[in-house]
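First the structure, then my questions, so here it is.
Should a chain be cited, it is by its letter among A, B, C and D, assigned in written order, with residues numbered from 1 in that chain.
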Amino acid sequence: MAIGKGPEVVTTYDAKTPLMRREEVIADPLARLERMMEIRHAEQKIRELHEEGLAWGSTHSCDGQEAVAVGIAAAVAPTDHVVGAHRGHGLGLALGLTPEQLLGETLGRSVGAVEGLGGSPHLVETSVGLVFTVTLMGAGIPIAAGLALAAEVQGSGRVAVAVFGDGSVNIGAFHEGLNLASLWKLPAVFVIENNHYGEFSRYDRTTAVEPLARRAEAYDLPWELVDGQDVDAVIAAVGAAVERARVGEGPTLLELRTYRYFGHSRSDRAPYRPEGELEAWRARDPIRILGERLEAVGMVDADALAEIDERCRERIEAAAAHALASPVADPGAMFRHVYPEPNR
Amino acid sequence: MARLRMNQAIGAALADAMAEDPTVVVFGEDVAAAGGVFKTSVGLLERFGPERVRDTPISEMAIVGTAVGAAMGGLRPVAEIMFADFFGVALDQVVTQGALVHYLTRGAVTVPMVIRSSVGAGRGFAATHSRTVEEWFLSAPGLKLVEVSGARTAYGLLRAAVREEGPVVVLEPRALYGTREEFEPGDDAVIPLGVAEVRREGADATVVAVGQTVGIASEAIERLDASIELIDLLTLRPWDVETVLASVARTGRLALVEEHPFTGGWGPEVASRVGQELFGELTSPILRITAPDVPVPFTRDLEFRYLPTAEYVAAQLGRWLETDTLPSPWWERIGEEV
Amino acid sequence: MAIGKGPEVVTTYDAKTPLMRREEVIADPLARLERMMEIRHAEQKIRELHEEGLAWGSTHSCDGQEAVAVGIAAAVAPTDHVVGAHRGHGLGLALGLTPEQLLGETLGRSVGAVEGLGGSPHLVETSVGLVFTVTLMGAGIPIAAGLALAAEVQGSGRVAVAVFGDGSVNIGAFHEGLNLASLWKLPAVFVIENNHYGEFSRYDRTTAVEPLARRAEAYDLPWELVDGQDVDAVIAAVGAAVERARVGEGPTLLELRTYRYFGHSRSDRAPYRPEGELEAWRARDPIRILGERLEAVGMVDADALAEIDERCRERIEAAAAHALASPVADPGAMFRHVYPEPNR
Amino acid sequence: MARLRMNQAIGAALADAMAEDPTVVVFGEDVAAAGGVFKTSVGLLERFGPERVRDTPISEMAIVGTAVGAAMGGLRPVAEIMFADFFGVALDQVVTQGALVHYLTRGAVTVPMVIRSSVGAGRGFAATHSRTVEEWFLSAPGLKLVEVSGARTAYGLLRAAVREEGPVVVLEPRALYGTREEFEPGDDAVIPLGVAEVRREGADATVVAVGQTVGIASEAIERLDASIELIDLLTLRPWDVETVLASVARTGRLALVEEHPFTGGWGPEVASRVGQELFGELTSPILRITAPDVPVPFTRDLEFRYLPTAEYVAAQLGRWLETDTLPSPWWERIGEEV
């Protein structure tokens, strides 16, 4: 296997490895709720760090889209391979990345997921299958096809999952990758995270089909339109697609409808939103939906919710403090890993 | 006189070109309603309407291909590729289609298109959004390539590019979008392609720079107690061989300040040519001050170590002038005092 | 307008300009039959010239596909813009290119369509709207979208037509170009010339949808599957699509089913064909279909058919002889037209 | 000893690599059932089966992207891009994705992929199918780039490329696919990347060539009555600076024979570096014998005027050695006797 271990991570407040974090999310609805809250706090903190001038560079927050990230993480095995995209904080944390790895990367510290050399979009943690995040739109789709090809040739039983935005369905790589994956019946799942906007353009102004996932028919693939605010719906749909892939029935194209609460990136105040749209979506907040569901079956009450939320807040604060106190990589780091060591 | 940020100057150039010529159209990702992610086309949609100012899907191949076809059909499209790294998915339409149409139609069809794109490091966009990639275009017959170095040259070169009969790629250092320069927009501000500008005169050495390294080199020169001529190349294809040769013939020394990594880019091209033409006439080896051969690192300290800073450029120039030998680049001295 | 006139052509045996040739094809079924025969003879002659070592370089013949070429030429106005692809001999002649221009280009003589500098795939004749031939698969699709954009912005009433093969529906440019053209409702027609093979691969082994034109639905476009061996069916379908485009109803994706009788290029003996396939298609030869139709209505008889055929043979022979006797461009030619002259 | 055509040697290298390592897979357009349009993979499908040898659709982006992913997942894909010009639609996957994965995962993920592609003029494929485009890859951190020059080097370098842990682009001059060379395939024939080969020794001048110009330069040198050292660069990134510098330091003269047009390509890179390192030690200016800055013309006479021929190379080298000044290229003497 070409994929080795990720960098060793020094954790402060708890010793949970990415894999342990992932297993919780797979096993436990409460852990999923907690992870969604953790993501929300992380995004909030990252905004603050930028406002305070402590973080720099481009960053893309996913507040509002937590159920997509956590649902995928719960439905996919840690041994499967996931290729993410630029708006990946939530997916990273959901898959198991530690808050230090995320905050550290955002702050450009060597404690970050990729030593601060990649920046906020470049989150990787191979121990839980987050093998790459791709920042050119759609480019991860054929890469996921290739990961699926490897799984198929090796008979590893792995599934490859590509997660990308609604804006990424009009790029050549989407077309070429889906056609190839379908022809070769590869064990892959393609997930459109439709948060309604690609930068400042609503998806229906840039894509000549509705829903987006209907494009699957052009590649003779099954598809499904899914409520991306309901983590259980996400788990069901992604889980079914993963299962199909695993048993050799080939790829599926899923469209998870969700919404981003903030702008495309830091500087964007989202003036292009129609009035009331944000409020309507906030009314379907994924954390609230799951929280109420768990309350209804008696798994949590208001106090417990507040407690979990506070724990997440503290965890993120601690991670940020830890990252801020951590060193920046030395200049020599930029020369390391440009080329791998020869193996024979 | 106007004091404009570079992105405003670009917007002004687009507006003036559109006002001058009704065949000029502008399109790209979020260039219309939002005025561009770098605010280089603010107000164009309102002023010129949705027929001539259009948002596109995220489809770089279609953006450039549509520009090629629109130009063949009689328009003068100015299309935007948000980050030049994205030409990796659309290069074919630029160099293998657009640039060859005039040749392969024996002059029957022209492609007066402009593709603008932002380049370079210094803004925390990391490895996949920070390259300059001029080498993708430098060798392309039929294409012209310019790189602007501030508000004034951005305005002047863009106006000239729109008036060209053939395809032009205009590279804009994104780190400069927010920087201001004073100049008078209008026809007199048009800067012809293919002509370099001598930014300051000097007798002891010639420094050639491009894009954001022009400002960096200028600052570096100011720190030095030497008479250095600074040339802003502006057009990379075809570059102004005459101006550079004339200067170096006089000064006897040539240094290049490049944002590109040491291997490739415009630097070797200029160094190789000058070395050939002025063989035996140089008093010291040609100095290339460049970035190292690595992907652009994200974290701020490292990104500004990667980019040649004024301080570093001054130090390298100083050592070179003093010894007439090549100082080693900083990355060969890691661990030592820099 | 940026598109000027093509190079002056010196004709030998008749003084017909490309435009006159085109007008015949538009007006007269007999002229269409004759043009199809002319194309067949041209391909035959080009093969001979290669066998005799008189021609060089790559070349792609379209025997069997004549009804597609001639049908498009008849349905599209000479003022419309057509972007062809590498297998363009038939389309070129059909649109009006003279045999000298084709043979001259194939033979690399300055009498060729582009002075022998482009070679057999690069046929251009702007006086009849053949504005470019694109040799990278699918690259002509966004270019046609651009031509259509120009028509729309100028209000010229022109339509832009892209013609490309079945193998070209899996490349990114197809996807991006069709989506953009649909969104902008551009006056364009996209024609898949499905000759069953892309190089040595049958289309159903490389494309995960059937029929290919169904991909139109992924872009919310109308589509039609057409008998490409019946020139009248081609005219009807292309004509309707052109009309839709011209009146502002946007693009159409057409799939014309046809078959190439010879290999992909010179050296290909087509061992990949299933037994009997070629014979089955030869039984639906487009020239025979039209010939019989015209015979049935009394427009021709066997003698007349033989006469037309002989006339075409002679015309092609004369054109080849003329081209062979013509000079090769001087070395200076490769420096001309690399850049256009400045216009102000 | 085997006497193989270059395309057969490539097929043999692929077969030996697949036999050696079960993770090697091969895919591309018509590489499986048909054995490749240039017959470089004949028999692989029959021998290794449809899991490991696959035909793809015409989808260059997917071909390279799938190779990137497959390599990340533990295979060693060898993908084919039929003509290097087609990288214009897939460059992103090579230089911005594949080449950066190892860096951006801090070594956690490797991309041991090989992308083979045919390059160059001389076969009548005309403007859009005849370029060498090495400049698209030369500056890409994380990537290695080789260009083979015949059957033996094609075999040896391809075997080495497959064993690399990182991505390698292998360029194959298509004009050489049918040419034969005698050599013994097998492990001993593997040629390490990054090492140039001295093809003949000489004292008066060093000639560096790449790809099909190696043979052309060799033939030219035979026509001359001078002691000329000929170096086949083989690897373009990273190129073997030491071997070239050592040779030129001895001979005092450097000429480059390039298929690429004068502007860009590997030539300026080598010329610039040697000019820097051996400043003051050269007895004549560095000669670059190149193609002109135009698209590749189709008609045979012009295509072989475009390409540097042995005759032309000999004439240029001869003039240069005689006068120690640069002879002008043929295109500056059109009309005069050449």
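One rule holds in what follows: a residue touches a chain if its C-beta (ideal position, glycine included) is under 8 Å from a C-beta of that chain, and two chains touch if they have at least 3 such contacts.
These figures come from a predicted structure and were not determined experimentally.
Farthest from subunit B, judged by the mean position of CA atoms in each chain, is C. Counting C-beta pairs in contact across A-D and across C-D shows that the higher total falls to A-D.
For this pair, subunit B with subunit C, the centres built from the Cα atoms lie 40 Å apart.
Subunit B has its Cα centroid 36 Å from the Cα centroid of subunit A. Shared interface positions of subunit A, defined as residues touching 2 or more other chains, are 117-118, 122, 136, 139, 170-173, 175-176, 179-180, 183, 205-207, 338. Multi-chain contact residues, meaning those touching two or more other chains, occur in subunit D at positions 56-57, 59-62, 85-86, 88-89, 92-93, 96, 103-104, 127-128, 141-142, 293-295.
On subunit C, the positions that touch subunit D within their shared complex are 56-58, 108-109, 116-119, 121-122, 135-139, 167-168, 170-173, 198-201, 205-207, 272, 328-329, 331-335, 338.
Those residues of subunit D that touch subunit B in the shared complex are 61, 85-96, 100, 103-104, 127-128, 133, 135-136, 138-139, 141-142, 237, 260-261, 263-265, 267-269, 271-273, 275-277, 279-280, 282, 284-288, 293-295, 326. Touching subunit D in their complex are the following residues of subunit A: 1-7, 81, 83, 114-115, 117-118, 122, 124, 126, 131-132, 134, 136, 139, 141-154, 158, 160, 172-173, 175-177, 179-180, 183-184, 336-344. Within the complex, the subunit A residues that touch subunit C are 170-176, 179-180, 182-183, 205-210, 214-215, 217-221. The touching residues of subunit B, when paired with subunit C in their complex, are 23, 25, 51-52, 54, 56-57, 59-62, 64-75, 77, 89, 92-93, 96-97, 101-112, 141-142, 144, 163-166.
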